[in-house]
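Pasting the structures here.
Two complexes come next, and they have one chain in common, chain A, joined by chain B in the first and chain C in the second.
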Partner chain A sequence: MDKASHLSVILDLSPTQWQLSAQSNVSHPLTLSTFVSHLLAFLNAHMACKDDNSLAVFGALPGKSVMLYSTTTPMDEKAVAADANTYRPFKILDTTITQTILDQIESISDNDVEAPIDIVGALTKSLCYINRVTNPANSRSEDATLLPDPRILIVSVSPDQSSSYISVMNSIFSAQKLKVTIDVCKLHVADSVFLQQAAHLTGGSYISIERPDALLQFLMMSFLPPPSIRQLISVPTQDKIDFRAACFCHKNIVDIGFVCSVCLSIFCQPVPVCSTCQTKFPMKTLLRLKAAHPHTPPPGTPPLRSGTPANSLPRSTSIAPGGTPRQVSNGNPNMLPVARSNTSATR
Partner chain B sequence: MPPRRINDSYMDVDSDESDVSILDDDAGPRKSKGKGKAIDRGRDKGKSKVKEQPYAWEASYVRSWDTVQEDERGSLQGAVQDLIARGRRKRLLAPAAAIRRTIIRHLIILLDLSSSMMDRDMRPTRFDLTLQYTREFITEWFDQNPLGQIGIVGMRSGIGERIGEMSGNPQEVLKSISERHKLEPNGEPSLQNAIEMARSSMSHLPTHSSREIIAIFGSLTTCDPGNIHDTLDECVKDRIRISMVALAAEMKICREICDKTGGQFSVALNEGHFKDILFELIPPPAQRAVPRASGPGINPAADLMVMGFPTRLPVTSPPALCVCHSELKSEGFLCPRCSAKICDVPTDCDICGLMIVSSPHLARSYHHLFPVKPYQPVMTMEGVAYPASACHGCAVPFREIATPAGSLATDGMSPLGRYRCPECSNDFCGDCDVFVHDVVHCCPGCGK
Partner chain C sequence: MPSVQPPTEDSASSVEGTSHALLAFLQSQSQNTLTRLYQKPSSCLSIFRLLGPLERQLVMNLLWLESAIPAPTMAAWVTSEGKKAYEIALSVLSRLHVLPQYTVKLALNVTFKTSLRQAITGGGTSGSFGAPAEKDGKHPTPSIETLDTYALERWETILHYMVSSGTGRNPTKPSQGVLYLLQRSGLMANAHGPSLQITSSGFQFLLHNPHAQLWELLLQYLRMAEERQMDLVEVLSFLFMLSTMELGRDYSVEHLSPTQTAMLEDLRDYGIIWQRKPSSKRFSPTRLATTLTSSSPPLPTSSGSGADGQRQGFIILETNYRLYAYTDNPLQTAVLNLFVTLKSRFPNLVVGAITRDSVKKALANGITADQIISYLTTHAHPQMRKNVPRTHRTKQKPLLPVTVQDQIRLWELEKNRVKSQEGYLYTAFASQADYEYVLNYAKQLDVVLWESSAKRCFFGSLEGHPNIRGFIERRAAGKS
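Let's look at the complex of A and B:
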């Protein structure tokens, strides 16, 4: 741990999901305030590890994303009351983050509550921020070896939004280019196909936490050490990765798709013309594909029915229950049974 | 069996066609002969811009520092700003149309690691320059061929050396050639051994993928254990396309290999030309007239393909037999249609014939399809009631006062350092503007 490390934390602050999470009929309820107290302990630990460690916290809210805190923005330190029992920098950090989270949640209007969570905005912002702090031209020291090791931790409570597939993938590839590790901490909801891929492709860990009330322990044991020393302390690795993609026509998540050979757009059913690059496909191919997949709904069928990708061949029921539509849209709980059955298939 | 030394004049005896540029084995006159040949080539085949260029080792001193101009105060700031502005303008002019991609390419790069690579006719040495250009080539190649895979084989001490396994991850490929000291040139190269090694690692590939070899060859001899013409025939049979970039001079056997397999052969005149001819090999090769096994009715230009996106099993999963090698393995991929276990993707499922690719490979090209709209430079803050105080991307505070317009004569630059997204009307700093358009390809404000 000779190098300083920069940590960008992305908090999923979906009011709906946190409401669900706090309900007492959930097996292990976790309220937002308990979550914040666990998180602050973790952030303090990160700052305490090394003097030069830096931190940025981003919030993903319905329809927007904001930077909640960063070590580089000057703070109004006088606004924070002194506390004899707390190390002052920690106190400032804790107070600022708690306050900004409260402010942001207060500012959500009732109409916005159901808007999709802007996880992409928060992710791209954190990448822009990392791009700035790791750029040798902007750093005080000329020595490139003194630049911090960047990583991102996403704490996610919402299901995937398949409409953001392309943006998430683009963010993942830019993280790869910047050599940023993306860690994912998933609470409550079913596995996220996109975030699994994010962690896998950037060499981070994806941990789905079954006991949210033990969150702090997971954070400390798995996400505190920087990636460079993770091999030595054997952090839990990903169980299995789902490489499904979202189709361009209905934003359904598909496991078998029809791909345009020119632009590589994915469709969930045979289409005569590529909607992205306007390429016309040969009639022969179309007829052949339609013959091979006779149950494919004709184009124009509502997206819900076409959720099952065109595959008439017998398939193992342990992989996907026959009739279950594999459509996942924002807040659609259909994702849950599919993901569970996927897991059971391999064990 | 120890490698038998075969030089080119010997190979020429084998073929009935005579060539004026037979290369001698002894080192003495080789350069002058090679030079004569290459300049001939430059005249009849090369582009007009390289016609007058001499060989790298003939050229005089290049004063590279003369190209950077300081301004009156002796600062480089102006030159740097100019570069940035040029980049911005180029982006504004770029066409928004979709770029044509190819399907699946497989490429093995053969690097000559023989002692002839230590020649200094290309600065700093042939070897260092090759490494540098190969790195740039790999990055660019993956950008244009998102579903492609690259493997690297070295030619050193008479044997072929596997340096990097076939991989679709640019970082992994780059890592395999990142350590210079592990690639230190030594001994004689063996073209046959290296091609055989490359051929064997491409034998399992599905029919729809291309098989290509690009050799960067600095030596004038090859030291082979058998008849290289047999290897050549095998490559033609396997439809492997071999292209070569020679750093020294043309060799008859090299040209023959490239011609027979449908590849390109060129001799690098100097550093710049070397890069040009190497990068000419990045765009996908034209479809060969030979009708493919998949049937003559298919239009090669555009088609709809069925692809499956697999599930990856971790190392910790219970071992099971794979369908491709019948080996007991933990890791692997599951075919989404028939749940067969497959060792590696992309491939065709052995059970149901589905083409299986990993979706991230497809996704790597999507930023070409949906580019971020260029941000507009903000020229004045008048009329804006509550201007954002910080960049919407990286939260760096904007400067309050505009820099005087005189010092920023270059167009496309905002005097306030603000660039606005036309979709979401958020302001971004210059750094983020470049970063969003060149790397992220997704606006932090609107996600488009």
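Let's look at the complex of A and C:
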């Protein structure tokens, strides 16, 4: 049970959002520097728990993502002055992270500020990093007990970008395959649909922090325990999860979507030809669907549960009767209206 | 053939499962001593690392709270299957005086809280992580390889001296201080003549892993420190300071207390620190020191046994009891010689066989079958690990051939064929009814070890005697 654990932290360093967060008219303002000091205490605590715990920190910036720190990359020893009062690994960690965050923020040009935050890039990088750590190419001993227990913590301050739906879902499935737990710490803004799903599907916890002044305590109690301890100490999980998906055509988050019966692409309105697999749908079904669902859900469809209880996976709310896909039989492909499909992004 | 029960847990998990040996020592110390120890951030950090995972999490939960929290609030965080582990963790923390009281409200020891916070956030003026020495142009800092070679040489000298003490060969003697420590710890004794002989606990010691060996010696050192009127807090905090230092750096002796300066000499003998010369104003911790509170291997690769021979293991054991050890390290060969009949030696290979006689010899020396098996398991060659399929790992498919394991255990059982127990024999009962009446009484007390109704006698254990005697006397008195 007591084995090393690896933690990858993804920091959302959106200049706009941090600016908003620091403003005094917010109920509990939190500046980036206060946040970083809380975070460093948390990271030190993770490193303090076990000598061979490892850490990697990634920053998601407008339009790009960078690795800020990792325990495996050699650091410039000379850059950090020796100090009798601080444990040296902590000192190196603190100095490096503070310095790289400052460097990265300085290097953001005015044109880039409005570019979307590259959370997915950082998430992908951290998954690659974990893959490298847990599957060392040169290790001959296949002793699984020696490998660290990996997890990812995403600290998010920006709202969802629906355009990244497919890539987020694909990252989630990679994380599931790598047995990585994704924890999400959401600050200030409204709940993120995609990150909620990420935490739920990988068995992590999603916590939206309303009182940033207690941030450190939240981090310590909820995100410090490695997955192996969480059998003993219960970490809060969300009881309501937004399972909605984004459509492939306009990248909108949809309550009711239409799924291509051949390739499972999601669309926000009935389309004659699937943009992904070029399947043509019969006019009759199309007209019927359009008639039944202009903007209001058809009668007989249960009211949409956007907050579905976590333990009951929602099913498609109604399935249009009709033939099977063309490849299988002579029947015509149909567009199926669904509330949300878990498998829709696996393609 | 009697069936042999394999041990319920293998050696690796039993080492990890039990709490650290030092914690037991700390728990026996007074509250005053511990509170003084907790004044140093480095000590708090090291002790924190020695705790179990759940205990660490509890400390972290409480660390940043200013006020005490009610016990039920904290208990609400624990899942139903974690209740027992939670209770144990609380009692461990309370015995360490980290958590002075936990029945009504939970709050950390104030000194511990302040120091651990300081360790994590940095700063303060305690200087407990070691004052780095000034750059010295004349004598550059020794390289990590130099330190490793030094530590290994010192450590193997001690072990080699122990293992060959009975064989008549004369290896290099460790320093007087080390010899005294070995004698005091009961690992060696001068039973026959002036020279020291290894004892049965010494043989067991040789089969432990280096980390356990190191702590066993250090614990003995701590017990001796009390007798030598050294301040235990100073000794402990120096050890903890060493464990938080960085390998390949040198530190100044200027800020050390007199006790700690005196310790430098002892620690140099054990190979824990390196000094250019005894009067030097600086010292460098070796890998033995910096891994004191971690789980990484405290010794680098063993001298001459190849690049990563030590960590990878070197023993191949076959079902026909033959053993091939790919090593040229005299210490490893000597340790194997404790329970293996060595047949032939090649530059990088030792061939031998596990025989009844060799195992009997080991058992006579006080080594147990489980220790032999765990030594063979931890040092098994990667080739042997390969044979264990990944999917079977969870079912604990044994690494060593089952026949050999069972046979070693059977040889141990042979030793225990006769068990002696003190007691009293009750004979000469007047009648069969009398005999049965007393026997029934004794059986109710569960003290009968052996009975024979034909001979009208039975054997009862020592503890039961006063009762049985009283019973017979009362009965005799009642009759007359």
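By our rule, the second predicted complex is superposed on the first by the 285 of 347 C-alpha atoms of A that agree within 3 Å, B and C clash if a C-alpha of one lies under 4 Å from a C-alpha of the other, contacts with A are read in each partner's own complex, and residues count from 1 in each chain.
Rule of thumb we're sticking to: contacts are C-beta pairs under 8 Å (C-beta built on N, C-alpha and C of every residue); 3 or more make two chains touch, one makes a residue touch a chain.
Predicted model, so just to flag it, every value in this text is computed and none were measured.
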*Return fit or clash for chain B versus chain C, each positioned on chain A through the superposition.*
fit
*Look at A:L264 in the shared chain and tell me whether it touches chain B only, chain C only, both, or neither; answer first, second, both or neither.*
first
*asked:* Under the stated touch criterion, which partner chain does A:Q231 make contact with: chain B (first), chain C (second), both, or neither?
replied: second
*Name the contact category of A:C49: first (chain B only), second (chain C only), both, or neither.*
second
*First (chain B), second (chain C), both or neither: which does A:L7 touch?*
neither
*Compare chain B and chain C by how many residues of chain A each one touches, and report the one with more.*
B
*Thinking of the overlay built on chain A, is A:L61 touched by chain B (first), by chain C (second), by both, or by neither?*
neither
*asked:* Going by the contact rule set out at the top, does A:D94 touch chain B (first), chain C (second), both, or neither?
replied: second
_I want to verify one number: the closest Cα approach of chain B to chain C after the superposition, in Å._
8
*So which bits of chain A does chain B touch that chain C touches too?*
none
*Tell me, which parts of chain A touch chain C in their complex?*
1-2, 4, 40-41, 44-45, 48-52, 82-91, 94, 140-145, 216-217, 220-221, 224-226, 228-229, 231-234
*Name, in rising order, each residue of chain B that touches chain A in their complex.*
98, 100-101, 103, 146-147, 171, 297-299, 301-318, 333-334, 336-339, 352, 354, 358-360, 362-370, 391-396, 431-432, 435-436, 439-445, 447-448
_Give the list of chain A residues in touch with chain B in this complex._
65, 67, 70, 73, 118, 120-121, 124-125, 127-129, 131-132, 135, 138, 164-167, 169-174, 176-178, 197, 200-201, 237-245, 254-267, 270-271, 274, 276-277, 279-282, 284-286, 289, 292, 311, 313, 315-316, 318-319, 342, 345-347
*In the complex formed with chain A, which residues of chain C make contact?*
12, 16, 41-42, 45, 48-49, 52-54, 56-57, 60-61, 63-65, 77-79, 81-82, 85-86, 119-132, 244-246, 249, 255, 291, 293-296, 312, 382, 385, 390, 393
